[in-house]
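Each of the two complexes below includes subunit A, the first together with subunit B, the second together with subunit C.
What follows is the complex of A and B.
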């Protein structure tokens, strides 16, 4: 039996909603099949008031073992580093986080806000938000760059806005069943099993990407969303087109550009008007190239791809 | 538009450019705001105002700039249809032409 505690900081509950929709395994499977004891969760926890505080104090003192500490939302430090804007069970949430992270066997950050600050930490960051171990791309965050949980791992970061339900439950199961040591993390603490490939990997529009045919409107079935509509699929690490959403689809499959929400910089361009769903260019050439591609190579590739493209690439082949 | 109509329009456009139609090749819309401004200008034209589209779009009948950019590499160019797929333009074009809404 592994004890799991889930707390929320500066959060919209989006990752909780995602978690509750998990299918493989589901949130119920965690309890019934994998022996996870959910001590408390903002949407599932039964304890209130003094009882909750007593339980939290029991965890901090070591009286109750804390196997998995899951945190959702940013760590709020405002005003002036006190954390008073986000109080929980009688004290600033950040103080609970500091104490619980010390005793947790594994610490898991779920969603962009918990991993690197997310939208709340976007300038001017009035809530003085940070992620557990990162602030955007900078290592450190609330717990500091040297933090390791009792099992010897840094914070396991599962980013996304929200994180895919199955990324959450599968990592929790791995940890709860004693396979936490097998997890390999990238330089941002993300499990490599999910965050080595790109959002573009498995995208149904890859042939349009290859032949340089652009989608010009949202929802179009023909064309790639990277060239004009700001899709960040080629430079975003996520399995959104391998582990499908609702087991059905993904944003790019449905004709909406990837917004790069599993990367530390999300939201890109500070959400300035006209920048989110428009590929940013310099003299007509994309500012952000697919990872590992340079401008000269890109232009050469485009010329060759266009010259070689078949006629069907210009048609809507999904219409019968 | 039928293939015949498209070919006929392509000839008309080619003649206009060959006869020295002056178009706004500059300023090149470097930012997305500037790009959007050109699109706005195009949207205000009558859909059949071909000459107006060529002028505002900054069309030329040859590659352009130090890197000799051309429609052939532009994201909006459909090779087989010889067609510019940018909704605000939607005109037949030759692969060696260029306009200031060029993007790759």
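What follows is the complex of A and C.
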């Protein structure tokens, strides 16, 4: 039995919705098969008895053990560091977060808002939002760089906008079944098992990437989305093409450029004019290279790819 | 002598996307006054200022993870009208399909996950249906709760086939869609729909075939259907209806009795050159305003939209059209129930005042004979409204679930009409201008206004269904729709007023809601609870 509390700050509930799409295990399986005791969740509607505040205070005082504290949404500090723009159960949500993080065995940030600040933290960040332990790429966030939960781990960051349901359930089940010790995290607190490979790993457009065949416009039946349409698949860490979405597909498979939403900078370039769904280039060379590739290497690689590209690569491949 | 007024502060009344606090005054066991207070401000309109014109395609679906497809639909059509694009037939169908499957998803998810669990509340333990309700609808362990919540993930698999994932894809773009589905995608989509129909919609929800259900055109037809076979009476719909009557949910939750819908699902051959003014005549589901007092219908016109800020935490003039708004947040958001008390503005129609948005509103409008002769018409809910003496918690939630079969048929239409070898996208030319995009999210009227100037966003404004419904009092101090609907709600136990939750939840507001109960005389807190 593991007590789980899920709260939302500056959130859209997208991660909750994503979580409810889970199938193996499903959200219900977590409760009935894995002994997760959902103490409270903003939309799952478990009976709480009389008084949510009483329960929260019981958790804060240590009377009720808090095994897993899941936070979705940004920590809102506005106005002027008070957090009054996001009140919950009678006080700023950030104050609840500070108290609960102290008593939690594991603290899990789900989605970009809770990990890095996400969309609400996009300039000019009107809500003064931060993630639990990061603001964009800077370590610290709301809880500070030194924060460790009672189990001795920093905040477990499950980024993504939203996070994939399997990423969430796997971490929760691992913790609840005593395998929390198997979790290894990267420098951004992300579980390595999911965030070491790239979005491009397993993408159906890899051959077009290799031969530098571009999808120059949307709605085409061939081509890689990296060269013209701003796809960040080659430099974004996620298993989106290994663990498919909604059991069916991924954005890049469907024809939508990866926007790099598991990385701290999302949304990239703060959505400045000219940056949305367009590859940023300097003298025809992308500003952001595939991870680890330098400019000279890239020019050599693409020249060779172009030269070697077979005729079929220019034909439609994802045909009716 | 009337008894003292008790004040009940409900904080938060559970739902999603922020927090909703509700204060109710109770006298003689009945709600006599109410205030709804939205407690979260993220400032999406401010974030979008000076950004790439297409930033709304990325940012606005993330305003709400539940209605992301609906936001994306609005964002895309707003740019289409601003840029004067041409949208191919296939793209209209693909956008509509994404919108529809998101809405179908929400039916079992909201019904079981958020609404029906209240029927297992101990308040209703004396109902003859209580034992069966607990067996079916108890959270996590109820037989149909588990089935319903789990199967709700299937319809949006179709969204993933089009956009890669649900929630939060941005596959709808000005000029069309990003995808170019193949025959396999269409086949999969059909089989997902079939699975949903064969495993939940027909056997569990209806207890009959969709074809039989579609024969129901009036209140009398529905009552005859209910008695026709035990499978009907014992279906989740049949039990919902019977138990709701048994516990009195037909008796309160009335509201203003005035309704609005933008209309939605543009016809695939009638909105290929989208304009703001051409929209009403191009929708498969027509727009409209219905006034229950005069029993009249008319089309809804976006130029009539006004937002009041007298009771909202914004430092700007009230009565403005969204194109004229500047979104200046009040820095110090102190709650003052006589002054400002919510982040939601008070939306109203310049002529018709406060209007309720949502599935009930759509169905009231669907019953009208206004609009184009080819547009969808369905008299059932309007007939029920008249026969049952107005709106109620029972009717409002029934209207939501009633749309399931119709949306299913619309999804079939889209799959049938795709011409897979035709184009999906026509690259537009970016230019400055004003645009407007609207749709109906499952929970009601949603729209975006955009002004592009100098190649970037000058102004971006959104009005969500929850803004219509959860808004505070307007400039002329008229209550918001939910505030009004709470009036007359009987409270059996002031320390556990589940009835307030029923009313709020029948609106499916996208806010997390908690109730505080106070004795107005002594100021003593009687109870605090969340309603979902």
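Methods note: the second predicted complex is superposed on the first by the 312 of 320 C-alpha atoms of A that agree within 3 Å, B and C clash if a C-alpha of one lies under 4 Å from a C-alpha of the other, contacts with A are read in each partner's own complex, and residues count from 1 in each chain.
The criterion applied here is as follows: contacts are C-beta pairs under 8 Å (C-beta built on N, C-alpha and C of every residue); 3 or more make two chains touch, one makes a residue touch a chain.
Quick caveat: nothing in here was measured; it's all calculated off a predicted structure.
Asks: Label the relationship between subunit B and subunit C on subunit A in the superposed model as either fit or clash.
Replies: Aligned on subunit A, subunit B and subunit C fit with no clash.
Asks: Looking at subunit A, which partner touches more of its residues: subunit C or subunit B?
Replies: Of subunit B and subunit C, more residues of subunit A lie in contact with C.
Asks: In the overlay, answer first, second, both or neither for which of subunit B and subunit C A:147 touches.
Replies: So A:147 meets neither subunit B nor subunit C here.
Asks: Of the partners subunit B and subunit C, which touch A:217 in the superposed model: first, second, both, neither?
Replies: It touches subunit B and subunit C both.
Asks: Pick one for A:34: touches subunit B only (first), subunit C only (second), both, or neither.
Replies: neither
Asks: Now for A:259: first (subunit B), second (subunit C), both, or neither, which partner does it touch?
Replies: Once the two structures are laid over each other on A, A:259 reaches subunit C alone.
Asks: Quick check for you: in the superposed arrangement, does A:119 touch first (subunit B), second (subunit C), both or neither?
Replies: Touch partner of A:119: subunit C, not subunit B.
Asks: Between subunit B and subunit C, whom does A:285 touch in the aligned arrangement: first, second, both, or neither?
Replies: first
Asks: Looking at the overlay, does A:309 come into contact with subunit B only (first), subunit C only (second), both, or neither?
Replies: First partner only, subunit B.
Asks: Just how close are subunit B and subunit C at their nearest CA atoms in the overlay, in Å?
Replies: 7
Asks: Same subunit A residues contacting subunit B and subunit C, which ones?
Replies: On subunit A, the overlap between the subunit B and subunit C contacts is residues 217, 274-275.
Asks: Quick check: in the complex, which residue numbers of subunit C touch subunit A?
Replies: Touch list, subunit C to subunit A: 11-12, 14-19, 39-44, 46-47, 50-55, 57-59, 62-66, 68, 91, 109, 113-114, 117, 121, 139-141, 145-146, 149-150, 152-153, 156-157, 159-171, 173, 175-180, 182-183, 188, 329, 331-333, 343, 420-421, 423-425, 427, 455-456, 495-496, 510, 512, 514, 527-530, 532.
Asks: Sort out for me which residues of subunit B touch subunit A in the complex.
Replies: 28, 30, 32-33, 35-36, 67, 69, 72-73, 75-81, 85-87, 102-104
Asks: Subunit C touches which residues of subunit A in the complex?
Replies: 8, 10-18, 20-23, 26-28, 31-32, 38, 42-48, 50-53, 74, 76, 78-80, 84-90, 118-120, 122-127, 129, 161-162, 217-221, 240, 244-256, 259, 261, 267, 270-277, 318-320
Asks: Taking the touch rule as given, give the residues of subunit A at its contact with subunit B in the complex, in rising order.
Replies: 212-214, 216-217, 227-228, 274-275, 278-286, 298-299, 302-303, 306-307, 309, 311, 314
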